Amino acid sequence: MIISRISRIISNYGNLMPLFAFACAVLCLLGILMLPVSYHEDQLYRKTQNPDSPLDPYERGGRPLERANITLQYPENSPYAGYVTAYLTPLSLYLASSTLYLGTTIVAHPGGILDEILYNTRGLDTVVESSILFVAFAIGSFIFRRR
Amino acid sequence: MLAELLLAVVYGLLLLGIHRKVIARIQKRPGPPIWQEVLHILKFSFKTTWVPATASGVLFVGVVIIAIAIWTAALLVVIAGGSLMILFGIYMLHKIVEHGFGLSSGSPYGKFGGVRSVISAASEIPLFVSVSVIALFTGTLMIDEIVAFEGANGPLLLLAPPAAIAMYLVILSKMPFGPFSIVESKELVSGYKTEHFGIWRAGLEVCNGLKTFVLLNAFVLVFIGALPLWLLLLLMLAILVSLSFVCALTPMLSPFDSVTVQMIITGLMLVYAIVVWVMI
Amino acid sequence: MVSEYALGLGIALLCAVLVFAALSREWDDLHRLLLVDLVEIPSLAIVALVGTDLAEALILPGLVVGIAEMLALSQIYLLKEGLQERPEGRLRIEVIEKADAPVILSLVLVCYGIVLSGFTGGGIAALGMIFLFMAKGAREPHELLETAAGISWAVWIGAFFVFMFAPQYWLLAVLAAGFGILIKVMVKLSLVGGMWGKPHD
Amino acid sequence: MNAEFLLGLVILTMGTIAAAYPRPKTYLNRLINIEIPGWGLLLVMLSYNEALALLTFGGVTALTTYILVRVLEKRGGA
Amino acid sequence: MIELEGAPLFTLEFGDILVYFTPYTASLFLLALLFTAIVVLSRPERQVEILFGTDACYAKDTSIEELRFRRFMSIACGLATMGAMVSGDVFDYTLFTALVGVTNVGIVAAVKSRHVQNAAFQYGIVALAGTLPLFGGAAIVVASTGTLSILRLAGGTAPGAPLLAKALLTLGVMGEGMAPFYAAKAEMFRAPGAPYVIMCSLSSLLIFLRVIEVVLVI
């Protein structure tokens, strides 16, 4: 009977991945048929370009602890949200003033480019992300070390 | 509140007793008296109670309390006309309770019951399709607003019969002795309940009575509408008897077959939901 | 005329379909692991297509999830296949073992990583350390490093709360967060390097 | 729509085909082929000026390859 | 459509990410909290095995080291579930879901049984492949509506999320252990250590309950 044949397939966990992959493939195919998905023009944190700045392509201007004119989900909750380049440490400031290419090399400097988003506006994401790393490495090293 | 709770427990247990009686009569057996389940609780309440030596103590006791707590909360939601989502969330979480009952003791029978309860997790999925169809029709999931909608537009049973059928099947899969009740099948002794006895078992039975009452009550409220109390109880009885007929006349499916049947139903419901969504 | 976003999304979904189709006909566990690694790429492409600073902030967690799960799963794979005990060859190139070059190279990578700081810096510094372990077969004290990682994780969480509740100390918070992540990522990833070679306790 | 973007998409598609259906189908072959769509993705990121993501992706890919090579190495032979 | 579940009772801000409690999410949150407390308090049971064909039976013990590790993983899983329940941001929710997937693997990976390890591996692969629909869905939400906030999307101030994104999110969560992709999960439950194993089941049910709510309101 067809029912027992299907149940035999789903009861074997070796078939799990093919089953899931098949479902994903079908859904993605349907997704292609559902295109085009329109692109909303008023995005959060739009990029701007300023080729003359040493911080290019991350030059957004702004100062720490000053509300800048950017699109936020909850502007009322982020009175200090500045531009993404708002937080520059003294070292980064020095490097920015002495070289033209800070933006392309020292992209993740403390107080560097994306820190505004990564640590402040969407800080919870980064907390969860580092927890994932922590947990997965705990699993890996536990299994590795246990004899 | 206490009066409603008492009514729900006693009436729910009575319904379960009637369920057994009807099944027995269909199968030409005399069957137990209809208040057997109530007697069971009284009996278990006065028996010796302890926790097995191999059990995980806190969990063993904790799930009993959790089981009663969640179904009391469910009753509250139904009475107060709260969100259908909470009610069905609780319905799904009952799975965890069965699972906890089965695994906490360390007994192999209980464990198999618990594993089967995980396997039968598919029984909850038709529910959500049914819920989304209701949401599409009424634009709300608060029970009192659904009842008000039905007061204006007639019962949902006529507007969306497939959704009603799906929920009927969901209730069926929680009834004992039915085609989907693989967690309690007899080769597992009593399935997940095996190791809980004494006062713990009494608590579990109370929860079963509550569960039956809440589910049937929710079905009547959501698909038929607000009714006077006597009519509500009568309708619940009628639905239960129809369920007993189904249970008495169908064999129990093997664990994964029951899953497959439920998945097929879900698929059909999904098609129906899409049709409704396109039409509205 | 198709918009850029729609075109990109279509292509990314097409790639996803291709990978999933291959995955649904794959029965070898290691091949599955490799294909799942491949799945990451279209998913990152879908995120990248948003094209804002936010998109970039979302790519980083995606990458982290990918590598973290890949490490845990590869370890479970070795465990379940019973390959845990088997030693693997070290990078036994005579020149590298004797020369100072790997030390210098590692040092350069680590220094550059520290200058970069943040997650990227941690990754680069870790590369340097892994290279050192591979070439020299050095044994790092596991427990000590893990303690350091735990502390730096706590430092980063602390920095997060400074940002939330005492934003006037942002400079402190930014430094703490940047270096907390740097040390954590570096230590965690160089554990991978330590795993190369015979297991020890 | 600039050249990098289009080229990136093309490489992404081709690389995915190459890695999903490698000939001959060995572990090592597939592992190496996975790098190709990675380049496509890098180009797409480049066209949106996502330098940080690009750099991190490069580093993480190296590490992932390292992890997988270790598994292959333990398994012995491709 | 926010009236599906009642208005938020309480919100907590973390910059641009909100954490909010509605009657629905609050009850799920409390349940996750309760079970996490049980995990902290209880010791694992000792599974009794029967040797077939004889009268012998014996109880398995769990070693202290394994117990500690699995308890840690279960607590992490409980915390991740709680986070997923109350998160008011689509991307944050998917990250918590991914964390739940990793911790679920961790809870059973430490068990010394080839059968269980194999199931854990298969489950882990599916969970990792599930990140494409999850992150992809979230990315499509932000690209097509310009916001990730569930409250904004539900409040109708932003255009509704496309059906594709909703379907992707649901499929991604189903990959974390819902029917019909749960065969490996059912096998994982044969592992001893009931309080910990229960967290696997609870977490995937709860995140599924939450994604249904999210998909209905956005």
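By letter and in written order, the chains are A, B, C, D and E; residue numbering begins at 1 in each of them.
What we mean here is this: contacts are C-beta pairs under 8 Å (C-beta built on N, C-alpha and C of every residue); 3 or more make two chains touch, one makes a residue touch a chain.
Small disclaimer: the values here were computed from a predicted structure and weren't measured.
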*What is the touch distance from subunit C to subunit D, in steps?*
1
*Would you mind naming the chains that touch subunit D and likewise touch subunit E?*
A, C
*Per Cα centroids, the chain farthest from subunit D*: B
*Measuring centre to centre with C-alpha atoms, which chain is farthest from subunit A?*
B
*Chain closest to the middle [Cα centroid of all protein chains]*: E
*Taking each chain's centre as the mean of its CA atoms, how far is subunit A from subunit C in angstrom?*
15
*subunit A and subunit B, separation of their C-alpha mean positions in angstrom*: 43
*Roughly how many whole angstrom separate the Cα centroids of subunit A and subunit E?*
21
*Which whole number of Å gives the spacing of the CA centres of subunit C and subunit E?*
23
*Can you list the residues of subunit D that touch 2 or more other chains?*
48, 52, 55-56
_Sequence positions of subunit C contacting 2 or more other chains_ = 5, 9, 12, 14, 16, 20-21, 23, 32-33, 42, 44, 49-51, 54-56, 58, 60-61, 64-72, 74, 76-77, 79, 119-120, 163-164, 195
*Residues of subunit E that touch two or more other chains: which are they?*
14-15, 91, 95, 98, 102, 105-106, 109, 118, 125, 129, 132, 140, 142-143, 180
*Sort out which chains touch which and give me every pair.*
A-B, A-C, A-D, A-E, B-E, C-D, C-E
_Residues of subunit D defined as touching subunit A within the complex_ = 48-49, 51-52, 55-56
_subunit D-touching residues of subunit C, taken from the complex the two chains share_ = 4, 7-8, 11-12, 14-15, 18-19, 21-22, 30-31, 33-35, 37-38, 41-42, 44-45, 48-49, 51, 55-56, 59-60, 63-64, 66-67, 70-71, 74, 77-78, 81, 83, 86, 88-89, 119-120, 123-124, 126-127, 130, 189, 192, 195-196
*Which of the residues in subunit C come into contact with subunit A in the complex?*
2-3, 5-6, 9-10, 13-14, 16-17, 20-21, 23-27, 32, 50-54, 56-58, 60-61, 64-65, 67-69, 71-72, 74-76, 79, 84, 115-121, 142, 146, 149, 153, 156-157, 159-160, 163-164, 167-168, 170-171, 173-175, 177-179, 181, 184-185, 188, 191, 195, 199, 201
*Within their complex, state which residues of subunit B touch subunit A.*
254-257, 259-261, 263-264
*Given the complex with subunit B, which residues does subunit A contribute to the contact?*
3-4, 6-8, 10-11
